[in-house]
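Same chain, two partners: chain A is paired with chain B first, then with chain C.
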Partner chain A sequence: MDLRGGICMESIIYVTLVFLLVFCVMAVVSNSIIKSAIYLALSSAMLGVIMYVLGAHWAAVFEVSVCSGLVTVIFISAISLSKMKRDEMDKLYENKKRLSFLPAALIIGGVLLTVAAFAKDFRLPAAAAAVSEDFREILWTTRQVDILGQITAILAGGIALVVLFQNDEQKK
Partner chain B sequence: MNYLNYAAEAFILIPLAAVILNNILPKKFMEDHFHILSGAAALLQMAAAAYIFCIMDINRMRHYSFFILWEKSTSDSGYFSVGPVALVFLFCIGMVTFVSVMIAIRTVDTKKISYVNLLMTLLIGMNGMVLVNDLFSLYVFLDIVGISSFVMIALYQSRKGLEGSIKYLVISELASIFMITGLAFIFMKTGSLSYNAVSGVLPADISDPQTILIYVSVILMIAGFAIKTGVVPFHSWLPDAHQSADTSISVLLSGIVIKIAGVYGFIVLTGLFKGVRAIQISLAVLGMTSIVVGALLALRQDHFKRIVAYSSVSQMGYILLGLSTGSVLGLIGAVAHVFSHAAFKSTLFTNAAALHEQTGTLEINEMGGLQSRMPVTALSSVVAFLSTAGIPPFAGFWSKLLIIMALWTTGNRVLAGCALCASILTSAYFLRLQKKVFFGPLPEHLSSVVEIKGSIKFIEILLTAVTTVVGLLFPLILVYLQSRGWI
Partner chain C sequence: MLITGFLMILAGCYCLIRTYHMLKIIIGIEVAMKAVTMFLILAGYMNGHMGLAQAYVITVIVLEVVITVIAAGVTIGLYKKYGNMDIRNLTQLKG
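And now, the complex of A and B:
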């Protein structure tokens, strides 16, 4: 049962990884800025699934809610708020040089890396020991510095939004 | 020890308190007195750094660890710590922040509240980077520095400012991606990113395939820090960002941000992977290329701030050369050059602010003969130029001398010779700048120009005095370092 469960989990990870890669490539090569934002959200969602399957539940929740949800909302809001008309923007975006060689480059690169890894008998180091303590406990007791850093990062982000979006009546 | 703890906590808590005060006090009052709050925060930082240095020296302490707000942690990632190198950086941060505030009194006419908010978050970010003991925490504070700098460049939302800030943001995020990927590889190997855990993680056996992973992470981190430092070939963002930002912000970027976000990262990296030849060679190649290419590019510029920005690219090369030696003398030379560069580059940007305020332009071809109209600005500019070129007795001479001595004593004699010769290039672009701006005939349209007054003039005099006095007293600093067994 465990063996079947393990194989099932591995299958989910590999299938999701393929989808993740496909959505990432689509986000880069797409001709529409809205579609690019949506593909980016989908790739984040796939990453969230991988994190969940690997047991990083909190990280998965943050990845899906913030990177896949909030960031996409911000992207689409910014596109909507832009004074440029949608079709003009799409046209401008369409005319940009696309990385059409990206999928081929990724496939060739992936194959070369796999061959090199087999030739060198390369194995990734075993993942760090699974953490048995509560995530919140660790954050609070051993990562105080990062909490302080995150508070400041949020503060800086808030100030940035105020500065960039406030009505500047007295433009320099 | 209590006072020592209060002083150490001040590095984070004072800027945080300044942000809160800036937003709760009446807007009109803060707009009129914004320089008092932010200037006081900068001066307190310098005082705290000097006080901690003295106490640590008296008690022969190499490091002092402290906590902020929370109770003690068992992990070494959970606390801050300061040492002599960190204190020099913290002092420089305070000094350049003070200079920025003094320039801002004249140049920042609107958005004063936003300026103080961003300046203080930038201060927390830079202080945090210097104080942490963990690579991930370093990354967190590095991002705060990135966010604050990006918005500061775009403060006035001018087209040039936005263009410069977008360039900075995109390239800065690229650096962040390199760094976080590198950190992930190291974490896979060690299970922790605290400096103690990562130190010595590179095994001697290079044939071990897993070692490749650590080397890849080191390469990624070198690339990330090189982008943040603005060294060649990762320099494309730097002149645009520095030129397009307000001068009070350019002085911060060139005077301290690139040093904290980039050079300090290199210091951490060389400390963690001591004696790794590949890192030393990479830093030497980056440093030498940067010195020469930065100087050659500076020669081709016609905008005062662009010349000074390219000069920063070149001078960062000297700091990397010092670090590439892997010796204590090289580290001391690099840190000394961080200080002297902070002083003379701040002077040059203050000169830029003075010239822009009085003449309305920074195009050097539109200027000339200003030494008769602006003698204080001209004198301070000449002193800063002499210090940059490494002419005695100014501060820049001693720091460059230490770097060249470190290169010579570690067997890198060709590099030492090249670094020495490259000073001629520094002299070349600054002589051109001085000649075009301050000497020659005075153009008709500048005949009514007068010397700048107030805070900018005060800062020009102060920084010139700092560059000269530190240069004159440097032999005493060397005697002190020798007495402590550091050189």
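And now, the complex of A and C:
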């Protein structure tokens, strides 16, 4: 049963990793910005699945709800506020001469790295025995400074947005 | 996972170098940050300190959202001022 569970977990991770990479590449190379935002949301969902399978349940929930949900909403709001035409962006802005060989290099590099890893029988070190630690306790005690940093960053972001849009209204 | 993460960082950097569109640049940054998030979780899984890794990941996610929101605000400001989202227009800004 354990062996089956382990093989099943590994299969889920490998399949999800392939989907994650495909969605990330599609987000980067897609011509439509809306499609890019949707591919980014899908890649966040795939990352959430990987986190959940590896045992990071809280982080998976945050990843799916915040990165896959909130960030996509922000992107689509920005696109709809700008009222730009679909499919115009890459035709107008992309510099096609710069590093046009990179997608091919990416694919070849990926294949070479995978082949080398299999040839050398490269494996990650086995996972250490999980230390029983409560995530909430660590977040609120050991990493308390992080919470302060997060609050400061959120406040700074809010103030930056208020200033940005306030200047617009004052000009009108 | 290491290979996938490495390729994701490359894809993000490729997006940053290739395009002049502001929103697309934010998407490139997001893709590269996803790889970093994945590396953090992998490190936590290998060390057995998954709680600590999750605390770091949540900090990264919060910062990611703040960066996205501010960049989207700048993008909308750019569009209102110049009618497009070309980052080359940012050089014309005066402090």
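Methods note: the second predicted complex is superposed on the first by the 128 of 172 C-alpha atoms of A that agree within 3 Å, B and C clash if a C-alpha of one lies under 4 Å from a C-alpha of the other, contacts with A are read in each partner's own complex, and residues count from 1 in each chain.
The definition used in the following text is that contacts are C-beta pairs under 8 Å (C-beta built on N, C-alpha and C of every residue); 3 or more make two chains touch, one makes a residue touch a chain.
What you see is a predicted model; the values in this text were computed from it and never measured.
By the touch criterion defined above, A:D146 reaches both chain B and chain C.
Judged by the touch definition given at the top, the superposed model places A:V64 against neither chain B nor chain C. With both complexes superposed, C is the one of chain B and chain C in contact with more chain A residues. Look at A:I159: by the touch rule set out above, it reaches chain B but stays clear of chain C. Contacts of A:V25 after superposition: chain C is touched, whereas chain B is not reached. In the superposed pair of complexes, A:A45 makes contact with neither chain B nor chain C.
Shared contact residues of chain A with chain B and chain C: 124-125, 127-129, 142-143, 146, 149-150, 153, 156-157, 160, 164, 168. Here chain B touches chain A in the complex through residues 12, 16, 19, 67-70, 73-75, 77-80, 109-111, 114, 117-118, 121, 124-125, 128, 132-134, 136-137, 140-141, 143-144, 147-148, 150-151, 154-158, 187-192, 209-210, 212-213, 246, going by the rule given at the top. Here chain A touches chain B in the complex through residues 120-125, 127-129, 140-146, 148-150, 152-153, 155-157, 159-160, 162-164, 166, 168, 170-172, going by the rule given at the top. By the touch criterion given at the top, residues 1-4, 6-8, 10-12, 14-15, 17-21, 23-24, 26-28, 30-31, 34, 37-38, 41-42, 44-59, 61-66, 68-70, 72-77, 79-80, 84-86 of chain C touch chain A in their complex.
Chain A meets chain C in the complex at residues 13, 17, 20-21, 24-25, 27-28, 33, 36-37, 40, 43-44, 47, 50-51, 54-56, 58-59, 62-63, 66-67, 70-71, 74-75, 77-79, 81-82, 84, 89-90, 92-95, 98-99, 102-103, 106, 109-110, 113-114, 117, 124-125, 127-131, 133-135, 137-139, 142-143, 146, 149-150, 153-154, 156-157, 160-161, 164-165, 168.
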